[in-house]
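Which chain is which? They are A, B, C, D, E and F, in the order written, and residues in each are numbered from 1.
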Amino acid sequence: MSTREDGRADDELRPITITRNWLDHPAGSVLIEFGRTRVLCAASASEGVPRWRKGSGLGWVTAEYAMLPASTNTRSDRESVKGRIGGRTHEISRLIGRSLRAVIDYKALGENTIQIDCDVLQADGGTRTAAITGAYVALADACAKLGVPQALTGSVAAVSVGIIDGVPRLDLPYVEDVRAETDMNVVMTGAGAFVEVQGTAEGAPFDRAELDALLSLAEKGCADLTRLQLAARA
Amino acid sequence: MSTREDGRADDELRPITITRNWLDHPAGSVLIEFGRTRVLCAASASEGVPRWRKGSGLGWVTAEYAMLPASTNTRSDRESVKGRIGGRTHEISRLIGRSLRAVIDYKALGENTIQIDCDVLQADGGTRTAAITGAYVALADACAKLGVPQALTGSVAAVSVGIIDGVPRLDLPYVEDVRAETDMNVVMTGAGAFVEVQGTAEGAPFDRAELDALLSLAEKGCADLTRLQLAARA
Amino acid sequence: MSTREDGRADDELRPITITRNWLDHPAGSVLIEFGRTRVLCAASASEGVPRWRKGSGLGWVTAEYAMLPASTNTRSDRESVKGRIGGRTHEISRLIGRSLRAVIDYKALGENTIQIDCDVLQADGGTRTAAITGAYVALADACAKLGVPQALTGSVAAVSVGIIDGVPRLDLPYVEDVRAETDMNVVMTGAGAFVEVQGTAEGAPFDRAELDALLSLAEKGCADLTRLQLAARA
Amino acid sequence: MSTREDGRADDELRPITITRNWLDHPAGSVLIEFGRTRVLCAASASEGVPRWRKGSGLGWVTAEYAMLPASTNTRSDRESVKGRIGGRTHEISRLIGRSLRAVIDYKALGENTIQIDCDVLQADGGTRTAAITGAYVALADACAKLGVPQALTGSVAAVSVGIIDGVPRLDLPYVEDVRAETDMNVVMTGAGAFVEVQGTAEGAPFDRAELDALLSLAEKGCADLTRLQLAARA
Amino acid sequence: MSTREDGRADDELRPITITRNWLDHPAGSVLIEFGRTRVLCAASASEGVPRWRKGSGLGWVTAEYAMLPASTNTRSDRESVKGRIGGRTHEISRLIGRSLRAVIDYKALGENTIQIDCDVLQADGGTRTAAITGAYVALADACAKLGVPQALTGSVAAVSVGIIDGVPRLDLPYVEDVRAETDMNVVMTGAGAFVEVQGTAEGAPFDRAELDALLSLAEKGCADLTRLQLAARA
Amino acid sequence: MSTREDGRADDELRPITITRNWLDHPAGSVLIEFGRTRVLCAASASEGVPRWRKGSGLGWVTAEYAMLPASTNTRSDRESVKGRIGGRTHEISRLIGRSLRAVIDYKALGENTIQIDCDVLQADGGTRTAAITGAYVALADACAKLGVPQALTGSVAAVSVGIIDGVPRLDLPYVEDVRAETDMNVVMTGAGAFVEVQGTAEGAPFDRAELDALLSLAEKGCADLTRLQLAARA
């Protein structure tokens, strides 16, 4: 019997919705929902690459993450108004970029750039994992549209796991996230290999057994997400 | 017989959709669509007012406008990344704020602030007029939720008008906007009075007769939008 | 009998002074005074155009507006010290640029750029309209000096109008400006066509009749300013 | 027989030097060296806490990381000159702060702030792990000087591990870091629990067995560093 | 017989004009001209002092220097647009502030701040020395207007000197400034004491005899300027 | 008998230490100590020159100065975090650059740039003079390494002098610096000529005799430093 507020089993994802082509302009776009978390992922393609990569014959994929001011519980200030991007934003943008680049064959992409934008419309925990999971689908659609589906060497999905009251749980909403003693974000390929593992002791440090349990739970969650991505792209 | 690409009459609005409560967190929120233009309007309420207004017993309403990078035809850079807000963004944010303040009774609002956020998810012309029209509905919902519906002294709506090939037209999409010789944005109250009139000769300067024709067309459009706002709030 | 503090008729301009060649370095320069409002307008010419325009054979005109800290009633902070340009400054710079470009034949100008700087030395209302009116004269002198007087297809002048105590008045000084219920800035060509119309309800929204009265008053004011510009250039 | 360029065993740390009280002004300061990597760690104590924490009776610990321009192989630009802090700097500053806060009892610290500064004087891989390891010693000295040694609930140390040519290795210098297929930074307490685990697939994604091997290697390295910290504080 | 382009003797100032009350708003204002160099100096008084000085019973004087874009030979970019203040601007602002504070009795000023703004309208060498010389007169007028003339303990004036073709010259215009081997700015009190001495070898380093000759020339120039300041204030 | 807190004679330098090659990466590097003041000076060489100098056949030398946060008595905020460089930092960076360029033969350097970084690790007065004195040695090492020792036309050293309680003193530590009535920084070549003289009346203005005494003292101090630089390079 579940003890989670939303009635889920400890190893169960929230309801996931993946809506493709939510926007008209970018080559690929996805509105992804992890429960009440809602992220708009766009993949814009353009010819050419950044200066440091010109003439290499290789493409480039980069990502930017941001939250709309009214996406959070209490409104947060706009980073454009503050005139500087915060550390958390930087960190997540970099994580998304690295995660997607793990399944890109730059040579097959050719000297093209795909710019990923992940804008959080509503936040309820797990925005970065939803962003990665949705961005992959947008990226795949963009590669298809560009005529280079082979530039993708695999798929990626991401999920959060954490220990609440001593119990490992999958895909934490905000109310669980703030209570988690330990919090981990895991990015995996569709083939079941790890791309990123980021675990943080929010409360007490964690031992190796807890770490192992969290990793196993994440493996299960990413596998589920991979199936949902496949279904959405069918 | 219409000569507009989308088959509309010259004095006809695009299909308008107003979806209330699109977000869970802010006091009021509206996803408004003017054809393919899609703006997310949020009204976040907070106790207290800016320093310069403290102790006055009066409330405050302010607005910020922004475009998502992938909302435009070709991706536009993020202002948070550039580290500075452009002139156009500033200009529109100020316009939205002034427009909404025109129907606010600060005394009835009490020392509360309502912060309006208008984020363009998809742009196809008329983003500022859609933003004002949608923001009014979000603002009204926020006032109701705060228990001060009387803080609203009326309603506001806005529409663009322009002269294309010598003919005045209502509610321009992007393809008409770029071709317009003259372009005007008009903000009006539900009672039919003017709040803002901003006309610009993009090509040749315009004469008084053209100006008069545009104003009449805008009066018609704003009246239509007022009816749609009323229907959405029913 | 006038009821204005400075004894003017409601449709009368303040004393206007236009001093050409106030500076030695720029191609054109004008110190313009609308009563106590004093704006230094400079038109600096340089070969070449911005990158996005290179090779087009067309020229470019752009403008920047700023206020000296001690120009206002109580000192205002320097935007260079604050590290960012405010919305009002951006808005006015853009307005001046658009106004002047309305009378420029880019082809006749050739691939040259004229940069207009309007610096308010003393502010007493109407700084943006004085800036446009003076900048036109500086621009005309710069075109003459460059040997391309034909790059000007006409002249532009601008004036403010407003409704104070229910009465439309021309060319508002600061004391009238703060009391105006409605405030409008109008930019017109010497030939009597409109370039920009920007009307704002500061207090109560305004009706169509008031709007019409203001437009007529502005037409009168711009015609007077055009005569003064011609006289100054004689 | 080792195959590492510097002759170390795969599970061996570089020579570690910890020099306490390298500076006169801050409450604690340490120059730490991991081979040729040299980081100056300072712990400055001040009364009071950030605004959001005032009156709570709790203290605060925060950290900033930076690299001197000439610390790297080829000179890197100063972030103060660029006017913005890069994502990597933000990310590492946040990591150091979280790591140290994991062993702080805020109540025992009282309403005092300890600001950690980690400035990389010379970089040869592992600057963030050296920074955490050294900063802990500076923090401990500062707590002692403040008369609140009990504000520390344990110790922290950090080390990098990676897979090079299929072999897991401990404490990577720059030449190994750039060649690593997988790269992980691990922060642990002196008691052997995990505080942070950050693993990244630089080349190919990694499987669970590789992840396990890296974690075991990191446990060994952190235990060695803990002994060295203890010796330095004796 | 002079060899200077403008016919002056080597120890002769350019024509100096000091126009008081050039602005209506600030407590003191002066348009000062050193030949074609034209600087607008304003002294704005306000009650209160910066936070770090509150409750001390002492006043404060601070200064900001800036150049209008069109003041220079070829237009220079606006620092507000660049978003940062250059080193030269900072340096001169600080010099002006220190120079004026040298003759201020903070106690007599009381907890008031006088903000000096020196804006270069036209630059032809010696803008910082003109700024100091004019700012003193504006400051004196502001003190008088505030009813605290005794807050001034003396007067200050400043002049540039330099060695051109081996000959020391007073008050260098731009054409001489760029050719000077050595360049010195000297700030002195009306009583003949030194406040600031800033000498720079632009070309070859200078010996003690040259330094002495320059100092003597500066003493002469500052004495002349002191007489002109007195005359202007009569 | 000395009255200085540290027992020095009035014309005596603090203990000076010059440690060459303190860093592995830059072409030249020096850790210089003036008593407890400790500055890390690095000279990084790179091919090419700034755009405005390209094709001239001439090299370039530029400098940046900064203080580590924990270098000062009470921690100072990081300029990278504040997002802007302060006036004092700008001023000193410019001074160091000018001082070193006084002994550079740009032609002999060829189209190469040497970037000097002076980072204050610990501050106890005289940081800018220590920086110049140390940077010269790093620059000389860099020129030697580049194979262009002849690009140096001489040496430079710098020292501070000041009047405390009416007595001129050499090389002021912080406790003397804050008490100085007059404070002067002097940069001289090894051949005994002046490169920069910057004197400031912190308290009362100073007369010509005091100025002369300070200059003589500085000549003595710079000569001593020149000998120490020579010894260090032997």
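Before moving on, here are some points about what is shown:
The rule is short, and it goes like this: a residue touches a chain if its C-beta (ideal position, glycine included) is under 8 Å from a C-beta of that chain, and two chains touch if they have at least 3 such contacts.
Only a predicted model underlies this, so the values are computations on that prediction, with no experimental measurement involved.
By the document's definition of touch, subunit B and subunit C have no common neighbour. Note on connectivity: the fewest steps through touching chains from subunit A to subunit F is 2. Among the remaining chains, A is positioned farthest from subunit E, on the basis of C-alpha centroids.
When the CA atoms of subunit D are superposed on subunit E, the rotation angle comes to 120 degrees (nearest 5). At the far end from subunit C, in terms of centres built from Cα atoms, lies D. Taking each chain's centre as the average of its CA atoms, subunit A and subunit B sit 33 Å apart. Averaged Cα coordinates give subunit B a centre that lies 59 Å from the centre of subunit F. The mean-CA centres of subunit B and subunit D are about 51 angstrom from one another, to the nearest whole unit. Under the contact definition stated at the top, the residues of subunit D that touch 2 or more other chains are 83-85.
Viewed as a network of touching protein chains, the structure reduces to one closed ring of chains, two contacts apiece.
Ring order of the chains (start at subunit D, first neighbour subunit F): D, F, E, C, B, A. Those residues of subunit B whose C-beta lies close enough to touch subunit A in the complex are 23-26, 29, 36, 40, 42, 44, 46, 64, 66, 68-75, 78-85, 89, 115, 117, 119, 121-122, 124. In the complex of the two chains, the subunit E residues touching subunit F come out as 84-88, 90-91, 93-94, 98, 102, 184, 188-189, 191-201, 204-208, 211, 215, 219.
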